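The following pair of complexes shares a single chain, chain A, combined with chain B in the former and chain C in the latter.
== the complex of A and B ==
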């Protein structure tokens, strides 16, 4: 590991200024569960590390049923799954937060950091897409917003320009008769990187028998996390039954463009997409009907 | 019955359960009970001691002596040694798996006066790492044989300078064709090298071939009513000890002292003396606390000690070399991948008529311990079965993979996987229940194994099988699994795609080193009486986390007839510590245990003679010992000699391959998800006969840990190789089980004592790695009706098997 400078600003403006003016490579430190490991193993380099945990807005978690969830980018995962209202309103997000690492990791790691690391296998990313979250980005020139679906551009890459940092994630207020779920496949029961993952959000009609809106997102099966667009379009107006979930799974497979690597082959990952989409749709519908 | 202090004879035929079932990770509850009528020494896993008699320490669930210091963070590992004045050492390695080493180029832009560089030319002694053969150089000089083969060493003042120096060395190599497939590695004797690369080893890439012949197997197979063939394959496995390899070397007087993490301090004495060209008396080894080994710190520390010593020798400064995790996984040894073929003949009534086993191990680029791993694999290849006609043909060959080495089980698990998976397939062919097939063929006392070794009274393996069947409710659960599967279509939701199965394995593990090796080592232990009324015990056995220190104290206390607080352990330092041999081969409780009991008994006799009569009261005995100590030297030395009648013919592989054998029967019940291919073990029953349980709490821990390690080997641990380099060489990508992957493990010990040893103990540490993999494969076969002849059985394997 190379030596680097360290700064811990207390305001967004100061952080943006530090990041913009750094002579070499500046990196943002949130929970550090990715960055510190990458620096130690020389996978990533930094001349300046900017610790953002002292910026109050970045660890803010504000939820109301009317305005939705505002999640500071470095809020640790445990604050999501330990908050009953947030967990009930955004079950897919809580599903992901709960399985990111063990207790020690989820006490440090953040959803914002997970997104900025921009791995296609990041567990919280598919829920962000399924839940239609928006990313609030702060730079020297002010603030801009992008949809979570547009944030990542390639493995390890995203839309952040030099001098910009992710400030918070904004989730729309929960809709009636709607719910969500996230599930991933790993070869053991905890603490591993997804071979494939799927998150589903559905909204049902008042009778609860028909899907009126849906967003399915896939992880670890493409260069970035992506929406299963064909499946999402088809799902609107379909009955909320197992055959629908199965068909959506098949359609979602077409949206996957996985690679073969040491965690799984193309065929295995495509197969898993079908299984996981079907399962998460079934869970999301069951939760919507249960009033979660 | 108090056989521990009165010799082993009363043990014969006695079956005692000393550790009852341990349920659902709760521990703590001693349910006692013993249908055999013997005394129950079963223990509360929290460490409550129920003394069998005043002063008895053995058989008690004594808490590990090293625990509190480790929990408090007070234990000092090699990387905790003071850093002031210590250089950090690093290794320049071959970037290719095979090639001619043309030279090293040192970038003139780097200031080489700031570091110490050692190449093969700087080695004052022999450039060889002595393990079994002498084929591995400490630093490659003419040829590199694996990706990572060390070619030079550098020591620097700090990590950053070291890294810059390592980056400033270019290794010039003319690449040669690489050999990765062990199955085509061996060259015919008449082969002439035309265009291909020279052999990796010798003239034909064959490290060793072992043939074991009993009766006439080919004739027996020709006459057999039924012959079943099968091929089985097992993969490499990484040890993943918590503490990576680490060593520090420092010149001292005219010699050198080494501190580090290791299993075999005296191996280092030999290796470093050879490398530096100094007498062994000039090499002192002081082991630090070791954070795990599993065999991975048997041979490799000899190489690392050579490296650290060469840098310290040339620089005149203390040098520390501690591997990062990736370096450790990439360049240290793995379990030998194996390919095993069985041809097995049966009589019409399902009795073994003849067995032929061909076994092949990939030994990697240098032989390290491969010749001995092969020997254990060969001896275990035909399993715990009675058969008059056996032929075993075993080979270990060279490839351009990093050297393979010792790993818990030492070839035994590979052999057991093939044998036990094969037997379930044989049972189907014969129309027999797998249990019944085993019952008809398991050895009994008086039977001979493949090498002709005759089993004593402890050779009753059916007892182990019966206990495992009862403990796991095998027959009932097998029917329940079948019923669960038959009813699959009546279920809705995820469980519709779940299938269940239950399988078992019977296996054995030889106690201690093979054949004449125990006699060769002539292990010695010391016990001294001290003036404070305690007894100081000296051995070279290493605490790796398995509880060695604790059981050494318990065994010494048993011999002396004192309580544990009368025992202290001398710090380990080869300048003063006797060589009691390596901490390997499940040998400490049995082999070192015998020496400790012998030395303890003799010292007790001396104290009583000094006193002038028997001393039943412990405090009086200890007072007398203190007076004896004050009067002069009181050291008792016990030295290993083979027991009467022990005979092994190394050339023909006939006779007593081991002092004796531990027996096991494991049962695994599991569930498979047909949609994802996930296997979830539901319940594991581990029954074993280890002769004498020295400490039931630690013994249970050994079984549980071994089961988990084997479970990983069977279901998930996949070493991915690309051009001879392991590409998933980190803990993110090399997946091992975590606590939540482990089902309840029911551990039961039986004691059929080994008559050759005073306390009857047989080996334990490696045994639990043998049973789980074949029991899992057999359970999957039961669940899915398909064969699983290769491990790891990953989800993808299971899905592929359905296509």
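== the complex of A and C ==
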């Protein structure tokens, strides 16, 4: 690996200053599971690596039922699925955190890093959209917020400008009679990149028989993770039954614009969208009814 | 361009200081600077798990950790598993159960399995396979490895039930799988 300078700032202001004033290319280091491999294989270069894990806000995992979840951008995935309250409040996020690589990867990899890597196949990205997370971005000029749905702009690209870093992700407080799920398809049991993925969030009425709000998001079937807008609109007011999940899956297929590559064809990916949306809606509804 | 950085860390319970370049991996420094060659370089890109060490109690691939990130951390390597010359039950059960052939993956399996048994003394076969998914073996297949972990878990539970020591220090030669004492130096420091 080519050498670089290393800095481990302890405050957001110091990190923003380092990133903004670096003479060459500065890269943020969170868990390093993407970055260190990319640097070693010369896929990306860095003159300065800024390790953000000594900044307290970047590794926070603060949840309360009233205010929601504040997830530091470099908080490792294992802390999400090992936290029973967070896993119960945001099951789609825990579903994804549990299957990002194996244990050694989830010990280090973070949801913020997954988002900043901006792969359309990143497992935690669809749950961020389904759960309506907001991204808190810090730069020299202060703080701005972007919806998770607007963060990625193209494969490997996002809205961060030079000198900016993702500080944390903020999730709304869990709504009553609501829950979520994430599933992906891979040809192996574990440790693979999604051929397609879907995350669903639903809210039911008090009787638990009708969907009153829904957000379905799709991964690995477009240049960026995206919301299945037509399905989401149609789902409001529908009965929470199998036929509804099936129809939503069909509508979501229209939101996908996949490519054919070594992992799957356009036809197969569209088919997977239908199956995964149907399954995640069914799981999310079952969890909402079970009071998760 | 970059000057060497000074890092203070703890390895297998002992305070250690070293100098490294920012680009050096933790694996490189463990093997080449500290001469702890238990962790192996398999793929060098985070896939195979042969370089697994525990960092603050959780398993990590040391090939994709920068050595400088170990500042202030508590590291445990396979060299720390045996207790004063007595193999850890995982080590003796791997030997007794022939859960290895070439042995390159073994240190990684042992360290990940230790982290698993520290958290869950009685894991199901599914849990063992799921938690060891980031450790690849190209020789034996996984059945013997899973059985060795199950045997070690049973031995550790039995030792604990007997109240032997009670401090979590286990791995006496006469317990369960009956692993032999280590012939060479037990720890490299």
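Miscellaneous remarks
Note that the second predicted complex is superposed on the first by the 292 of 292 C-alpha atoms of A that agree within 3 Å, B and C clash if a C-alpha of one lies under 4 Å from a C-alpha of the other, contacts with A are read in each partner's own complex, and residues count from 1 in each chain.
Going forward, a residue touches a chain if its C-beta (ideal position, glycine included) is under 8 Å from a C-beta of that chain, and two chains touch if they have at least 3 such contacts.
None of the values given here were measured: they were computed from a predicted structure.
Between chain B and chain C, it is C that contacts the larger number of residues in chain A. Once the two complexes are overlaid on the shared chain, A:3 sits against chain B and chain C alike.
Residue contacts after overlaying the shared chain place A:263 against chain B, while chain C stays out of touching range. Shared-chain residue A:190: touches chain B and chain C both.
In the superposition on chain A, contact is made by A:78 with chain C only, not with chain B. In the superposed model, A:108 lies in contact with chain C only, and not with chain B. Touched by chain B in one complex and by chain C in the other are residues 2-3, 41, 189-191 of chain A. Within the complex formed with chain A, the chain B residues making contact are 160, 326, 494, 675-676, 678, 716, 718, 720, 727-728, 730, 732-733, 735-738, 740-741, 794-796, 799. Of all residues in chain C, those touching chain A in their complex are 1-2, 5, 21-23, 25, 44-47, 49, 52, 55, 58-61, 64-66, 68-69, 71, 112, 115, 130-135.
By the touch criterion stated above, chain A contacts chain C in their complex at residues 1-6, 8, 29, 32-33, 36-37, 39-41, 49, 51, 53, 76, 78, 101-105, 107-108, 189-191.
The touching residues of chain A, counted against chain B in their complex, run 2-3, 41, 185-193, 262-265, 268, 271-272, 275, 279.
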